[in-house]
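Have a look at the structure below before the remarks.
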């Protein structure tokens, strides 16, 4: 099932640069892994913002929550989830 | 270039059913045509709402505005456009 | 899967009373049917408002959207859907 | 009487991890106790957020406030309370 | 139990003046009756607005909803309900 | 004259507990004094929140501002003031 | 006492032009009268909007409400009232 | 002096098409005239919306208000005005 | 030209009291100077808040911005500026 | 292609003055360079605020995001991007 997700990242000022770099690298590795697994289906940067629009394909809400809440940058994110249904005019 | 678009449809109460049906059919035909042309890249229904999240792939802002503003249901829509940049963690 | 749903009803002024009564009766019949089927798991009135908080248990987003969008009062509702995951402190 | 409650948790950055772990464990123990007592009737995680939707069954507002304001994580929560009335279409 | 209630009245333009006058008179009679019964404990006009802040004293949510939803002007009101608990610094 | 006041308290994390306790005790003493003087006419806790709805009876705006701005917890409060006029349906 | 007032005018589409002209003329006459009486102390147009910022000087809330609620255009206005206290840095 | 202006157009449903066409033509003629006079310095369409961002260059607020409030589509517009000062990093 | 200005002051917790006192004294001196010069035409305290409504009379936007951005408390203020035009019903 | 951009700067309290001065100088140098290159087409200060309205002319979204996200003050900015299409009434 598809979920539309918006993530806004608010890294705190007092996060040491080295730790932030480590978290960003871990986030990137996790994002790539989930994309390769077909779970993180789309990942777009919102132009001008430290934020993204994403689409996830997971079997249920619990799986989605487990994935999102274990992202390395999760503690610094505001996340908004919208369930996506099939659109009657969509093709393919 | 990719644009994220949210459309909310608010059909007016006094729209005759026949005209509304005609407009919806025209909207659907146009949506299918634009998807086949690779322009309307994604079209998802927001669950529980008369609304959609979409992604368009067009060469520039003018083309996007021309397409959106000539949709049959455009007069009854609220539309929000967000430019999408490439995400540094996106693959493929 | 569980979905939290808030519905606010805004019946239009020009809806003839007889039609409104018919729609409300059909809505009530459908709500009772869906509760008996175990689909509409909870239905509470928000005190002081023509609105409810509900919890639905359906297999996927498409089923939820089909159910909500065919409710007799759907054209007059504003609906907000939130996917519910299992809470780590929940029992039973 | 039933109350719908939304809780959003915003743990402060400078909370030592050990104290936070202790507070979360105490919160969980209290949540389980209140569920077993039939007071905290429902507890759902909002997917993608450090937040929950809950339903409490208590005799009056004072009891509700006492329970909520003594939750171990209360100082870090934003809480929204909505009184729930019986819905005319609810069964059982 | 006490409930804080804000009511904003939005009389529709197409309501015939005679019907509106009749509704306002019925609303006033009902308000006086409920005040005499000790149920509608406070009723204040918000200066400059067709709105009021009120405090109701009723045994439970269902009673409150029954009272509010049968007010003659209810169809034209936006109502916001807040449960009031005893304040630890309140006297008397 | 009557003023409706909503106060939300946001105690800062870095306030030493002893100072906070001292401020709360001073706030309570002041609230009791003002209630005894008939100035702070009503004081209710908003259930589930560190906030209150209050009604003040003072001769003018300057007096109200002097009272509110010298409350011990004023530096940590968000305050919203609404002037109350006599309601045409109020009795007594 | 001084009150800051913002008024936004939303004339309904179906108001006959002659009636609207009559109401505007009555509103203007009333505004001039109240300014001459020293009650409507300031009246400024918000540039680009059918709206004004005003300052009223009246003895109490009831007088303010009586004045505002009997303005000829009151039924088509949204009004926001803010009580003004003396500023410690104000001169004169 | 420069003013940043956002205009959103909300044509009413019951406006006859011929009158709307006449108003749009008059609006366009006026916009072209004001651009040629150097008053309406910039005029951009907000992609996907019946709205524009504009910059006006006029000697004072009164002139701006006179121009905006006499635009043929003014009765159907929501307008937001922001005064622009010289930016210390601007060149030319 | 007249500008309506709302200023909300949010002094940071970590500002040493002596520096804050110095800034407030400087702010007051500047406010008095600007009032004597006829520039800061009105200055009112918003009752119950650390905020004011003001009216400035300056020749242009740049002068207004220079004045506001050099106020001693400017770094701790949220400021909202509204250009004021002459109201057709204003006298004097 | 043109993009309308609003930037609000929120410099953190704990940023050392010397570093802030260095960042502002670097921001100014970069802004001048981009203006000279014809990329940062307009740059206006919003009167009374540490904020600007800008218009950028870049070939695509990725270029815009690269430019904005590498501005020296980017970590302290809130940025809102709006794609601008040609307006049918625009001349030149």
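Order of writing sets the labels: A, B, C, D, E, F, G, H, I and J. Residues in every chain begin at 1.
Everything below uses one rule, namely that contacts are C-beta pairs under 8 Å (C-beta built on N, C-alpha and C of every residue); 3 or more make two chains touch, one makes a residue touch a chain.
Everything numeric in this text was worked out from a predicted model, so none of it was measured.
Shared contact partners of chain B and chain I comprise H, J. With centres set at the average Cα position, the gap from chain E to chain H is 43 Å. Averaged C-alpha coordinates give centres for chain A and chain J that are 27 Å from one another.
Computed from the mean C-alpha positions, the centre of chain C lies at a distance of 50 Å from the centre of chain I. Multi-chain contact residues of chain J (touching two or more other chains): 2-3, 45, 47, 61, 64-65, 81-86. Interchain contacts (touch definition given at top) occur between A-B, A-C, A-D, A-J, B-C, B-H, B-J, C-D, C-E, D-E, D-F, E-F, E-G, F-G, F-I, G-H, G-I, H-I, H-J, I-J. Against chain A, the residues of chain J that register as touching in their complex are 3, 5, 12, 14, 61, 64-65, 68-69, 79-81. Those residues of chain F that touch chain G in the shared complex are 1-3, 60-62, 64-65, 81-86. On the chain D side of its complex with chain C, the touching residues are 2, 4, 27-28, 31-32, 35-36, 42-47, 52-53, 55, 82-92.
Taken in their complex, chain C has these residues touching chain E: 13, 45, 47-50.
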